[in-house]
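Naming follows writing order (A, B, C and D), and every chain is counted from residue 1.
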Amino acid sequence: MKKVVFVLFFLAACTHLAIAEPVKIGMITTLSTKAGYLGEDTRDGFKLAIAQEGGKLGGIPVELMVEDDGRKPDKGKQIAERYIKKDKVRILTGIVFSNVAMAVVPKVVRQDVVYLSTNAAPSKLAGKGCSPNYFSVSYQNDNLDEVVGQYVSETGHKSVYLLAPNYPAGKDHLAGFKRYFTGDIVAEVYTKLGQADYAAEIAAIRAAKPESVFFFLPGGMGINFLKQYSQAGLGREIPVYGPAFSFDERILNAVGPAAVGVKNGSQWTHDLDNEANRQFVKAYVEAYGRMPTLYAGQGYDTARLIGSALKAVSGNLDNLDAFKAALKKADFASVRGNFRFGTNQHPVQDVYIREVVKTDTGYTNKTVKKVFADHVDAYASQCKM
Amino acid sequence: MLLVIEQFLNGLQLGITLFLMSAGLTLVFGIMQVINLAHGSFYMIGAYVGATVAAASGSFLLGVAAALPAAALCGMVVEFVVLRRLYEREHLDQVLATFGLIMFFNELTRIIWGRQPLFMEVPLWLGGSVELLPGLVYPVYRLAVIGVGLAVAVSLWALFAKTRLGMQIRAGGVNRKMVGALGVNIKLLYTLVFGLGTLLAGLAGVMAGPILAVESGMGESILILTFVVIVIGGIGSIRGAVAGAVLVGLVDTLGRAFLPAVFRMLFDSSTADSVASSLASMAIYILMAAVLVVKPKGLFPAHS
Amino acid sequence: MNDKIMEVKGLNKAFGAVTATNDLSFGIDRGHVHALIGPNGAGKTTLVNQLTGDIFPDSGKIIYNSQDITRLKDYRRAHLGIARSFQITHIFENLTVGENMALSICAHSGHNFHFWRHSLRSGIVKEKLEGALGRVDLAHRRHLKASHLSHGEKRQLEVGMALTGDPELLILDEPMAGMGPGGTIELSKLIEKLKGTLTILLVEHDMDVVFSLADMVTVLVYGEAILTAPVDQVRKNRRVQQAYLGDGW
Amino acid sequence: MTSTLRKNSIVASGGLLLVILPILVSWSGHDYYISLFSRILIYGLAAVSLDLLLGFSGMISLGHAAYVGIGAYVVAIFFHHASEMEPLFTWPFVLEGSENGLLVLPLAVLISALFALVIGSLCLRTRGMHFIMITLAFAQMLYYFFVSLEKYGGDDGLSLYSRSSIPGMDLGNDIHFYYLCLGSLLVFIFVARRLVYSRFGLIVRGCSNNERRIRALGINSYSYRLALFVIAGAGAGLAGGLLANQTEYVSPGLMHWTLSGELMVMVLLGGLGTLFGPVLGAAVFLLVEENLAMYTEHWMVYMGPFLVLVVIFAKRGLFGLVAGGENGNE
């Protein structure tokens, strides 16, 4: 009996080993499950920024704590609670998925804690649910669909076939596309979340003969769809478009030739011509031996943004308002070039169309066109801060 | 009309892929009375090994040739180390142990191959499409999958109906002690059966590689579908697995393909789309519940 | 009322190609100990399982107290007064002896949706448990887990459980199987004691037991009842000797 | 008898420890642990309810998380409608949302029980492996249903903006909430213990042990097993209602089959058929997970084999190891 109590306390005590000095940054991200690579890239991009300064950000020593949320909202919340209550962390970041973000963010920003999003930026947090303690460094989720909607209209496609998983994010993304697309919607099809086989949908697309196809199928679903679409011989007949989520460098190498030539929307590409980006891509490849993805870029930018603000307040977080004000200035060199925050503390940035190409080192994207300059998200006006 | 035929073909093809998975699982269930949640892990191992070898060698066939023994070997090791101790135990223990194995294998693939999905190409000689009927083009690779599935079904039938080993295996399923008394090495026999089951899972995995994303955790989504197939067909019955797989494949595909159209006749289009897609994603579970209500042991129960 | 408690008419049951019960007919007189004998594989247990409703025959009729029960479910037959023991002892190994007996008492006392009071302290159990345990001489074992009983005691418990419902017909499927001489004597005494109070269908291998206890005997060979006769005639019958007694006896 | 004494003293001191835990924790200044232990108690409650099925009646349900999810959604949906000031439905009568814990928690229990009744009445027609899989399939069905349920957030889930209110308690206060969880757990264990040793429990334990014998005794086990299935579902629903309050968030992930698997792990780890064991199992599972996850990202590669070892070697679970004696239907 005593043993059990002892073991329990021992286990409990283990969670309580920490050193106080540097500024703590708590990263909650997804490292396990099928989507684990998203969190891995986010973390690695973030870590790169710290490593480049030798353990500091903006000259202030920092300690990055990273933990896997397993894509489970309640686990994410548990980790956040521990970071805040036990480790006294004031800066949180890193969540990949909207559902985890929705469980964690609204709660933590009501406390005296800043959350910076490296990826997930659901519409609820951009509009009515915006908060002075919440910053999205990535985008608002719909941005990358809006840019494709605009581009597909500009290209002159008169009709489009829409495809997304049957969950709220899927509907949001299609809504983003439709906001800027001016042609006809042939059909709007929602598939099962995590679906593997798309033969039925592809047959229906072939029969419907749209001029273009737009899909939002993140992760493995996108790989499955693209491969099967190309195998069905449709790749040559009806062009597909999508947001960058199905076209990051790590997915592309799993899709292979099926994705070559597909145009997709993103706020960043490794070939963007600015100094910060050139050195980032070079350093990332050196450090990790693979091409950075947009998630890595977002993680890196977030770290550098934090650095700029820490520098401004000399690492003193006692006055959180000063730190927030410094964050809002976005006084750092983003790998995206232009970067500033809008009224809802979401990025006002350029958004591009890029194209999948094959190079000696594998599959990647090249920038085709800047479609939006200083693009503001659709929900900013609903945010009252 | 052509679309209906094509969707039927799609359903059939999905069914055959499911059959490849189910055949191995139903063998293990029916003969060894072991519930193995980790069956999906061997599917994953087949896909990963196949993709890796195919990428390194440039040959799809070499990939298949490597994936099959890899999955079978892993299966036999697992049988030898873990499951052998659990035959006499309750299903609950088997469920939990194999649940642990899923965690282990998923994380292990992440450690070995990294977190990003792997790429596996359709071999050139199976690429492209053929025109089956005027206006009905179908990918050759999918036809090949149907062919492999049918071949597996026939050879399993032959194994069990025609060979001595098959008879021993079936007898072992009926009465473990009796067969042991007849001088058959039942332990070895079980290891072999389990190996055969995981080999089939590996085959399913490597065949799915060019169509699907090869990623950690890919086994679980198909595992649950496979359960549905087996339960509908009747545990332990190859015939049932064929019937269940085709039924599930057809219901799933046709539901996805035609439910929205049906519902659009009844409701306005946005309600119809969302109701239809929810219903389509639940269709096979509804099918399973319906079958079990009528026939609690499935369509073709193995031992009556 | 008919003096036959149970009648079987033209019963057939096949498992695939194997015919286990073949156009089988016989009757059991009320109050008798009726023995069912036959060589291994004669289909005795299959027959018993059909009589108790464990499995259903392919064709034929089972009449119990003038009522056709051929398609009646097993638990309903139990309510009509048919109790059984199994060839392989079927008791609740994880429960104590007392709980085992209490369970069978509860089974015969209306519904059991009593969620709160401890089962051993509920009225009906308190009232009957002592007597039921005493009847099979297991009162001193009541707190022991049933799995810890000796083989003979398990049999006694099983018969005791079958008796708690005051059945009219008790079917004992090879009760002496696997028991030492001491256990056999104990159980024979118990059956002797019960004789006259209820009808017993005794499926048994041990010919000494059969000849000492039974009034009537039915001989089963390859699923067929070749003879139903008083015990003395069976002893002398040549066909029985050939089919059964000659076979190693 | 000494083993009973030993077991009782262990249970008593374990209970005492849980009762004084908040005092210990706030005295040592580690407030965070209160919320962690609330979570443990809630998972413990879900695991105890599953233990009724696994440990006492041999019904291996691989879809128990579904009822946790239903309970959680009941609380969340009522909360959502209360904060949106919009009735749940207006026909055939008007049903308003509510934040009152005394209303929504019992409703969570009731509605989970109802789902268990419907699902159980179908599942219990099957046996063995079929039962395992059909329970799993129903849970998946509910999972996909809630994923596509746009009104309540689908896969993104539903946030509560505060915890439910109970007169005389401030559930927003972690210590109050902890005692609510502890109280619920202790009451449920007490009820479950009475149940298991009642006449009803005797029948159910008999069914798990020897179904054929039960039938030969003239008992139709179906309705008894169904009743137990419903009770277990109700317990899981209570756990779900509490969990929704604890995380202030619900999502279909609560119904995913891996959570059902984890609940099973907790039961077995703690000790099958012990009622107290699953709480210990939940504590160890969650603490091990939490600590392993802090030291290695690849914690599952250790957790998996650990489970296998527990299954093979620690058949009686941790409770059996510390308390001695035999599990289950003792």
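What we mean here is this: a contact is a pair of C-beta atoms (placed from the backbone, for glycine too) under 8 Å apart; a residue touches a chain by one contact, two chains touch by 3 or more.
Computed from a predicted structure; not experimentally measured.
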Most widely separated chain from chain B, with each centre as the mean of CA atoms: C
Whole-Å gap separating chain C and chain D, where each centre is the average of the chain's CA atoms: 43
For chain A paired with chain D, centre-to-centre distance based on mean C-alpha positions, whole Å: 35
Computed distance of Cα centres, chain C from chain B, in Å: 46
Per-residue overlap in chain A, given as positions that touch at least 2 other chains: 31-32, 166, 190, 192-193
Touching two or more other chains - residue numbers and ranges from chain B: 106-107, 110, 274, 277-278, 281
Contacts with 2+ other chains: residues of chain D: 144, 147-148, 150, 300
Touching chain combinations (by label order): A-B, A-D, B-D, C-D
Complex contacts: residues of chain B adjacent to chain A: 2-3, 6-7, 10-11, 13-14, 17, 106-107, 110, 114-119, 121-122, 127-129, 137, 139, 141-142, 208, 210-218, 221-222, 253-254, 256-257, 260, 273-274, 277-278, 280-281
Chain D-facing residues of chain A, complex: 1, 3-5, 7-8, 11-12, 14-16, 31-32, 66-68, 71-74, 77-78, 81-82, 85-86, 98-99, 102-103, 106-107, 122, 166-169, 171, 190, 192-193
Residues of chain D defined as touching chain C within the complex: 194-195, 197-203, 205-206, 209-210, 212-220, 224, 227, 326, 328-330
Touching residues on chain A, where the partner in the complex is chain B: 31-34, 36-37, 40, 166, 188-194, 196-197, 199-201, 203-204, 207, 219-221, 223-224, 227-228, 231-233, 250-251, 253-257
List of chain B residues in touch with chain D within their complex: 29, 35, 37, 82, 85-86, 90-93, 95-97, 99-108, 110-111, 220, 224, 227-228, 230-231, 235, 274, 277-278, 281-282, 285-286, 288-289, 292-293, 296-298
